[in-house]
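Below are two complexes that have chain A in common, paired first with chain B and then with chain C.
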Partner chain A sequence: MSNLLTEPVLTALVAGALLAMVPLMFAALGESISERAGVLNIGLEGMMLFGAYAGFNGALYIHSSWIGLLLGAFGGMLAALVMVVLCVWMRLDQIVVGVGLFLFAEGVTSLLHGAQFGDSYPRIDHVSEIEVPLLSKIPVLGESVFHQHPIVYVGIAAVFLVHWMLRRTSAGLNLRAAGETPSALDAAGVDVTRTRTLAVLACGALAGIGGAYLSIIAAGSFTPMMTQGVGFIGIVLAMLARGKVMWVIALSFLFGISLSISTALQLAGVNISTDVIQMLPYVTVIAVLLLFARRSYLPSALALPYFRGER
Partner chain B sequence: MITPDHLTSTAPTGGGASPAPAVELRGITKAYPGVVANDDIDLSVYAGEVHGLLGENGAGKSTLMSILSGMVQPDAGTIRVGGQEVSITSPRKALELGIGTVYQHLTLVPTLTVLENLMMGSGSALLDFGGARARFDELVATLGARIDPNAVASTLSLGELQQVEIVKALWRETRILVLDEPTSMLTPQGVTELQGVMQRLKDSGIAIIFITHKLHEAIEIGDRVSILKAGRRVGGIEPDELRARTPDELKTRIIDTMFGEGAAQLAGVAEMEVHTEEGGHHRELSGEVALELIDLSVDGGADEASVHDMTLSVHRGEILGIAGVDGNGQRQLAQAIAGQRPISGGDIRLEGSSIRKLGVPDRQRRGIGYVTDDRLHEGTVLDMSVAMNIVLKRIGERPFWRRGAIRQQEIDAFARDLVQRYEVRTPSVETNIGTLSGGNIQKVLLARELAFDPKLILYNKPTYGLDVKTASFVRSQIREQAEQGITVIVISTELDELVALCDRIAVMSSGRLTGVVDNGAGAHARVGELMLA
Partner chain C sequence: MSNVVTEPPVVAPVEAPPAPRRPLTRLEPVVQAIVPVLLSILASGVLLAILGRDPFAFYGNILHNGLLTDFGVQQSIVRMATLLLLAGGLIVAFRANLWNIGGDGQWLLAAAFVAGIAPSVVGGLGMAVGLPLMIVIGAVVGAAWTIVPAVLKAYYGVNEIITTLMMNFVGIALANILVKGPFLTDKPGVPRTEILPLDQRLPMLGGSQIHAGIIVAVAMMLVIHVVMTRTPLGLRLRVLGSNHRAAVHLGLRPQRLTLIAFAASGALIGMSGAVSMLGDWGSFRADFNPAYGLLMVPVVFLARMNALATIAFVALFAVIQIGGDTATRLADLPTAFILVLVGLLLFFMTITEFHRVRRQRRLAVASRAPRSAGAEEVR
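Then we have the complex of A and B:
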């Protein structure tokens, strides 16, 4: 077991954790925004799948990971638009629509992919990574943390930005009020529907980027159902973060480690069945929920459609 | 917009250069399926004046207020603000027109700070904490209030929350302030404070619409009173008359207007209002102890009040009041006695035997009835029929159920009898209880507890939010029960009510029993002191 702490193993662990963390972080950040506005977005996984599919196509045909990520954001927003129309405008049940959206996304992206490529899985090569000067020379951390696609740093910056926005801007205040006491927001003259619409669209865009990261950068190809529950774990993370988005970074890194540990252990030559190792992230979810479920906080008006004049 | 002579002139009755009212409603009508909430209502409110809007529950006060605040659109009628005809299509529009509203139910976001709540909807992209703080200090000084602007709203007391609501309603150059039942959750001291606040606002030229169901408040606080009944404005009292007559004359007139000629005579004004003279009745207390609390403690956790080491005996056939400012552990105590909440220490004994370990159904079978203060959530299932709600605590028991099957006929017959006896106004027993008014729902809850021969009934705020007539009905029911030997515990924040009803009054403060006062001369003052102890 002494070769567990060697540099290649640690590098693989941290690099893998980052790779797994990024889509989770985007998804959980989006979900946090949506939940704070009072919309429980069960369809997060579906939005990621849309993002993954749209992003992959963008990157494959236009040969730019950035265009791919942008298209991924649009794909996620398109799925979010369904959620907006049905849940925010028409005020249908958010859980039913969310589950429906996930199943729909799963089916549609598989179908489109099958129609487009049949049984072949084309790959995207040469995704440009950047090496942060000097910092990338640090042992372990240099190779893993400072040698990444720039979207990783953009994502971390986005978390800080949302954190600041929630505390210091009117839009952030409206968001928080829309999820706690929408009638108060309405009485203050702010359009609850508009606030929630923007929140869900932002959530869709972020989930879409997370999905696109999975297909373009992490895997380099699109396979049906490739999100493998990342969206659902994102919902759990958002709840555990209690709307405090800075926690999203820490929590997604934790889950990232549990996802990347299999690679690291294989590198270290530890021989455990991969089936067992692949269970780790899900076991972690359950363990964390068991330990911290009482800590999770949900806004009072979460998943409740808003009708003006109702008490 | 408002010139100084608006401020000095009060009642522009008759002739000459009477200023335009700050708000003028003409022919306002609003119908909901099955009920006309507002029927051709005319109302004028003047700057620098408090217009009392009086009516029973369901008379249409809240609908009228919702129309003014832009939450509801009228079907017909015109609204003029400062002489200009306007249509108030949204809450934002109402704010732009200078109409601020303090709703009966609080509209603050509990997780935000006071200042954040006030900045909501400010329009600027970045939150201006400095500017908001300045405006806050200015308004708080006008009101004569003391509130920490950085406190999270959920940590404030009800009185403080209401002051924040008023600050919020005044936040944006408000000229017209609508107060919906603002006194319904304040202590006597709180009401006095609120009166001072309203006086200062009046002096600064603001027009106030003060909605209430309490006669004496409308008369004391209002400069002009309008009476609503079943959606119509059935009468009003002009400022001249309000000044000229004695309170008792005014009350008689209002009750006659509300319930028909001679109603005041029939029931007696004193009974309609809570009669506040002290030591009205002296009853011999039975020596038998019905309920005993021994060092009772209830852990309310981080978010709720706790009860600490309470020791108290209640005698058979006694009416024991429990007084205290809202949120001092009364609800937790009530739930602990009813069996809905575990106790963390001590014991509860009913007729000498401990019931500490019994669940709710067992306690009910032993004769404990509990009328909750949360009628709409805990007390009833709103989309079930009146009949089903009446047997809600008897699910599975004969004769209403047999071999697991509901016997609707038995239930309906039983319910019809109770509905008649307790004068519940409902189209039928099959009607969903949620469509009834608060007063009628409360009557159903009373009927439910009393129908099954209780030994002890625990009331939590039995007349909260009820109109005078229903409240008086409930109080006379409580007296009657005690006469029949039922032990009654009444938890209430309305001290007048406890003084009118009870044999003894126990006082709670911060979850502790601070004293027990025999009702009689001076009880009012002594309870007041103990409430703050």
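Then we have the complex of A and C:
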């Protein structure tokens, strides 16, 4: 066990955790925004897949990871638009449409990838990382934390920004009202549909960036169905964070560790089945829920379409 | 868009003609279900044409390989058995407004457990006792996996979507741990459970390749239909599902009902896993996950959570899945194309529903006999 705390192992652990954490963080942040506005977005994984595909193409053809991430955001927003039209404007069932969006995205991105590349999987290998001067020389943390693609820091900054926005701005207040008592928001003269539309689009953009990060930076290529449940973990994290977005950072880091710890342990010569490790965070959360079974807090109008004049 | 409800009666004919509408309203659920199916087939066909494939040949291949060959139709019926039980499990939960999204975890765990112990149990007790017992064990495992979400939902109000999703991930991992650990055979190759000998699996019907699982599945769907529509328990579950507060005021016990609905849902999904292992697979390979759980969600909705209608739609879906395997291969497309079809189906279905509700509202306003076409219809 003594070689658990060696530098390469710790570096691998922290670096791997950060790599796994970033897409989770973006997805969970997006879902938090959408949920606070009262739209339960089960199709998050689908938005990530659209983002991953669009972002990958951008990075592949335009040779810039930034353009790729931007296109990823657009891809996610495109998928979110389906959700906006069907759930916010037409007020259809959010869970059914969400499941549909997920299945559709899995199908369409696999199909497009197949039509475009056949069985080949082109790679991107010109991703620019930055080394933060001086800080990157610190042992362990230097190699891992301060040797990342800058989008990681952008993501963390985005969490703080959203936190501030939700708490301190009127736009944030409107957003929360749209999720709690949309009728009050309506009575105050603010358009509920518009507020929710913007929230879902923001969610799509963030999920899209998360997906694009997966394909451009984490994997370096797009493979069909590559998100493998990250979006669904994002939904779980957003609900666990109970709309308090600062928790998203901590929770994504925790789940990031669990997704990446097996590699680090193998470096250390410890062999625990990945199945066990991947199970642990969920088991922990479920145990916590059972022991301290507090009522989980969710916006009271979550997943309810808003009809003017009803209730 | 935002004034659908407050819309004033634009056209208010003095005498609304109700008589000629009668036959139409009886047919309406059928139309309601067929229109989105046709639309999604059409839209996917356009997509196929864009991709340079012949949509007619593609759909022809689906039909041919899923329904018109002996082998295909038998495969489709075998697949139907698994999917029907799974869909039945979803119906019970969804009717009670409980979103059991973690069906795959329940299914896989039950399947792994059954596959792991079936060779010794069926070998030891004989098929007549062993096979039914294994199906019951599958049901028990599936139901057990819903206890935590059910208790958290019933007593603490913890949202079941999040808990079933988490239990889903744990269930998938646990199934793999079981297969790579206690149930592992010493055979080389992919980690898997001991293979159940062919002559100890669910018996085939009349010399075909169709195993008895389909009888179990159809029987269970009939039971679900009768229970949900003709018994007090079914009524209570539906009341709980459509209006929680009304259920409390009626003196129902929502907590108990929640536990019952979740257990029944998990049990049916577990039976589905058991039937799949005992009938078609005979062994559980590590990392096996056909992900039927989410795929059945659209089908159940298309059938409006009606068990009998679900039988028809699951049959259609099974044909599309089995025939689609071959058709996508022949057209050199990824099998995921079928997912596009299903996704589109869901969208068109919700849109058709939207128009039905809107038309009903307009009719209600026009005939000046306001029916409550409100929240319940939209849900």
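Definition applied: the second predicted complex is superposed on the first by the 286 of 311 C-alpha atoms of A that agree within 3 Å, B and C clash if a C-alpha of one lies under 4 Å from a C-alpha of the other, contacts with A are read in each partner's own complex, and residues count from 1 in each chain.
Assume contacts are C-beta pairs under 8 Å (C-beta built on N, C-alpha and C of every residue); 3 or more make two chains touch, one makes a residue touch a chain.
Computed from a prediction, not measured in an experiment: that's the story for all the values here.
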>> Quick check for you: in the superposed arrangement, does A:225 touch first (chain B), second (chain C), both or neither?
In response: second
> Is A:121 touching the first partner chain B, the second partner chain C, both, or neither of them?
Replying inline: neither
> First (chain B), second (chain C), both or neither: which does A:174 touch?
Replying inline: first
>> If you tally the residues of chain A touched by each partner, is the higher count for chain B or for chain C?
In response: C
>> One more residue to check, A:90. First (chain B), second (chain C), both or neither?
In response: second
> Where does A:187 make contact in the superposed view: on chain B (first), on chain C (second), on both, or on neither?
Replying inline: first
>> I'd like to know which partner A:160 touches here: chain B for first, chain C for second, both or neither.
In response: neither
>> Between chain B and chain C, whom does A:308 touch in the aligned arrangement: first, second, both, or neither?
In response: both
>> By the touch definition at the top of the document, which applies to A:106: first (chain B), second (chain C), both, or neither?
In response: second
>> Residues of chain A that sit at the chain B interface in one complex and at the chain C interface in the other, please.
In response: 308-309
> Across the complex, what residues on chain A touch chain B?
Replying inline: 168-171, 173-174, 176-177, 180-181, 183-190, 299-300, 308-309, 311
> Where on chain A does chain C make contact in their complex?
Replying inline: 40, 42, 82, 86, 89-93, 95-97, 99-108, 110-111, 113-115, 191-193, 224-225, 229, 232-233, 235-236, 239-240, 273, 275-276, 278-279, 282-283, 285-286, 289-290, 293-296, 298, 305, 307-310
>> List the residues on chain B that touch chain A in their complex, please.
In response: 66, 69, 71-72, 90-92, 94-96, 101, 103, 105, 107-112, 116-117, 119-127, 168
> In the complex of these two chains, what residues of chain C are touching chain A?
Replying inline: 1-6, 47, 51, 99, 101, 148, 151-152, 155-159, 161-163, 165-170, 173-174, 176-177, 180, 294-295, 297-298, 301, 333-334, 336-347, 349-351, 353-354, 374-375, 378-379
